[in-house]
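Got a structure for you, written out below as structure tokens; questions coming shortly.
In order of appearance the chains are A, B and C, and numbering begins at 1 in each one.
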Amino acid sequence: MIIDCHWHVYFDHYEKNIEKSINDLKRCHIDKCALMFYQGLYQKDEDLQLQGQALREVMKVHKDHFVPFLVIDPNVDFGIIKEGVEEYLLKGPAVAVKIHHSMKVDRKKFEPVADLLSLHGIPVLIHCWYKTVQEYENESDPSNIANLAAKFPDLNIIMAHITGCGYRGLQDVAKYPNVYVDTSGSQPEDGFFQYGLDLLGAKRILFGSDFPGRDPATQLGRIYSVDMCEDDRKLILGGNAVRLLGGVSHG
Amino acid sequence: MQSFAEKLKIFKNNKVVNWHEHVWTDAKGNLNIPEADLLVESAKKAGMDVLVCSLPVTRGNPEPGICRKYNDYVYEAMQRYPGIIQGMCYVNPGYAKEACLEIERCVKELGFIGVKLYNQYFISDPAVHSVIEKCIELDIPILEHAGRDNSLPVSQPFISDGTHFAKAAEKYPEALFIYAHIGGGGDYHWSLKAIADYPNVFLDISGSIYDEDLIEETVRKMGVERVMFGTDGSFSSSMGKLLGCKLSEAEKIAILNNKHMERYLERGMKK
Amino acid sequence: MIIDLCGYLGHWPFRKINNNDAQSFVKVMDEYKINMSVVSSLNAVFYKDTMQGNEEITQDIKPYSDRLVAFSVINPAYPAWEKDFATCIEKLGMKGVMMFPYYHPYRLTEANAVKLANLAGEAGVPVHIPVSIINVRQRHWMDTNDVLNTGDFISLIKNAPNTDFIVSNGATNAIASAAKDVDSKRKGKVYYDIQRVEVFNPAFDSLMKAAGPEQIVFGTGNPLQYLDTQFVKLQYMNVTDEQKDMITYKNAAKLLKLN
């Protein structure tokens, strides 16, 4: 099974975007993808509820295509976040959380969120990049992930964008077994995926595309470009996602 | 008024430990022995007693094999000048496992007294944590290449400045970090302000920059106890800035042989 | 005897400096037994009209005219620079010209820069171009990122064949090697100081080889830098007494046309 763990759907007119996503999944022979609604970088108070309800609507009809994530802006009041987690993660359908570049994740303000997710065994996918120019204001880099992972060893973290994080970023997180990395985004430059495989091992890498920012077909090509045994490739293509994202129990 | 020749005697009349020097390779990639000989000869002429040397890779990301080879060259220099050259082992923290093994080898088998890191990573990068933890375990200092280079284009994107040291020092208060060459070019005001309040960050005064008031400002921020003498290829500049500064004779002598660092030297001498 | 060819008076905008007025500057000279210093106005470098700084320094050094000699700062990209040059040399008694192409908007290859250099040659005064005033690695974010361009400098000396030049505070051994061929064919000569040339390694020897002791001069960068660094070099340089005298004052005296 191939699961793309990093897939965005614009929230405005999402029904049409869902249809397009399904078509693109079929085009690329990808079985499932993460469903991460994009409501803008910073959320309004009501956005989490709207998002959660939309996830439920979509999953009623299209559960065979999607692995639902709840996208959280940690700047929103923690009470609202807690409500959202309890309603849409613990009761379903979401199985994981996505954090955009809305807060550096080793800030004190993120700790209650990390604590809550850790407590309930909810994995979190975090946008992450080491940039030399054009860094976003609150963008996490791998050192932030490493700090978070050290503080919350029971929190499963998926560090997004292997190429953006680079060799240095992979080295930053290598010693934290609770940090995984997805292969999504950036140009699929040669070398980084192989390095990640050698350093972290196949069990800690997940296939992702960063759709619609990147064409899933090219991102998928990266996974086939590196020599590895087929068991490892299956883990990366979907096995790790099943293991990591299947663990949240819905009440 | 004291003659300059008299002034220079502070070097000959007191123990001088130079905490920042290097041996290098020659065109064939072996230890450059004539250069090492000239270094020691110059040191003797100038009145320096000990040279703490390393051989770092200054460009690129070396594999562990290169680091090991270079550390072996430093050991060769230590054997050639026993008691004069002490060694700091250079590692690439990106190869965390290999780096830690190499540090163990150099300290336990070869008698090295510290670790030298260069510009492959910021000292505050998590990728460096394993190396820092190993240094804490072995109780050895880390001399990190440093500077806040404001010139363009950027030639060393991962050179550590004082803010990186402050982060690392905060996370690892048990480690001893040495900010290399406060006179090595770069905005020293920036770095001094960043590291002033971290008692486990020391510095050496080496480098080709000898701005008036550099040493006074360093001591105002750091205190004399955290400052040590070094040259890093700039003998005249490093000697001159110490001679020219308005510290007392006692303070200058304290910098020439930093008492806090003596125990690391003694350990190396025992091997 | 010591003549320091590289001193400054006035305000440096990017950090606090000491002893930058004439009275305390001379006290420092006394401490180091420096007989004479050439000074130029740091203020002039940053004033839009450098002439204001030249006039200031002329007044400032009047009480110390036996110890201090002023060089003018001329910006040949500013109006009436030729008149300023003439005033400085003929009326204010300044003994040389400072050029700062990395602070002022011109290159040394441009016509006005070449003209200024030639005018200096005709007037029998040297042109001093420091490689930089301070090392660019510690530059303030509003300070220049440029230093003396060696290629431009060699072009200038070629186009001003009768002018003496002084280059200071940089890798003068490398500049001397690069300029040697062109300089050997000129009537004027380039003189190099050793502020950033180490005597404990082959750098000083390479300067001696490229320029010879007749073209090496003494400069300190006072008050921006510790003077002791240069005195360490004097102590340890491998030269004869006669060569040392050339470096410490004889070459400078010739440049300044002192008796």
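As a convention for this text, a residue touches a chain if its C-beta (ideal position, glycine included) is under 8 Å from a C-beta of that chain, and two chains touch if they have at least 3 such contacts.
From a predicted model like this one, the values you see are computed outputs, not experimental measurements.
Distance from per-chain Cα centroids to the pooled protein Cα centroid is smallest for B. Using CA-based centroids throughout, the chain positioned farthest away from chain B is A. Two chain pairs are in question, B-C and A-B; the one with more C-beta pairs in contact is B-C.
Centre to centre, using the average C-alpha position, chain A and chain C are separated by 61 Å. Spacing of chain B relative to chain C, judged by their CA centroids, is 34 angstrom. Centres computed as Cα averages put chain A at a distance of 43 Å from chain B. Put simply, chain C touches chain B in their complex at residues 15-19, 31-33, 134-141, 145, 196, 198-201, 223-236.
Considering their complex, residues 132, 142-143, 146-147, 167-168, 171-175 of chain A touch chain B. In the complex of the two chains, the chain B residues touching chain A come out as 61, 93-94, 96, 121, 124-127, 129-130, 157. By the touch criterion given at the top, residues 1, 4-5, 7-8, 38, 42, 45-46, 147-152, 185-189, 208-214, 233-237, 239-241, 243-245 of chain B touch chain C in their complex.
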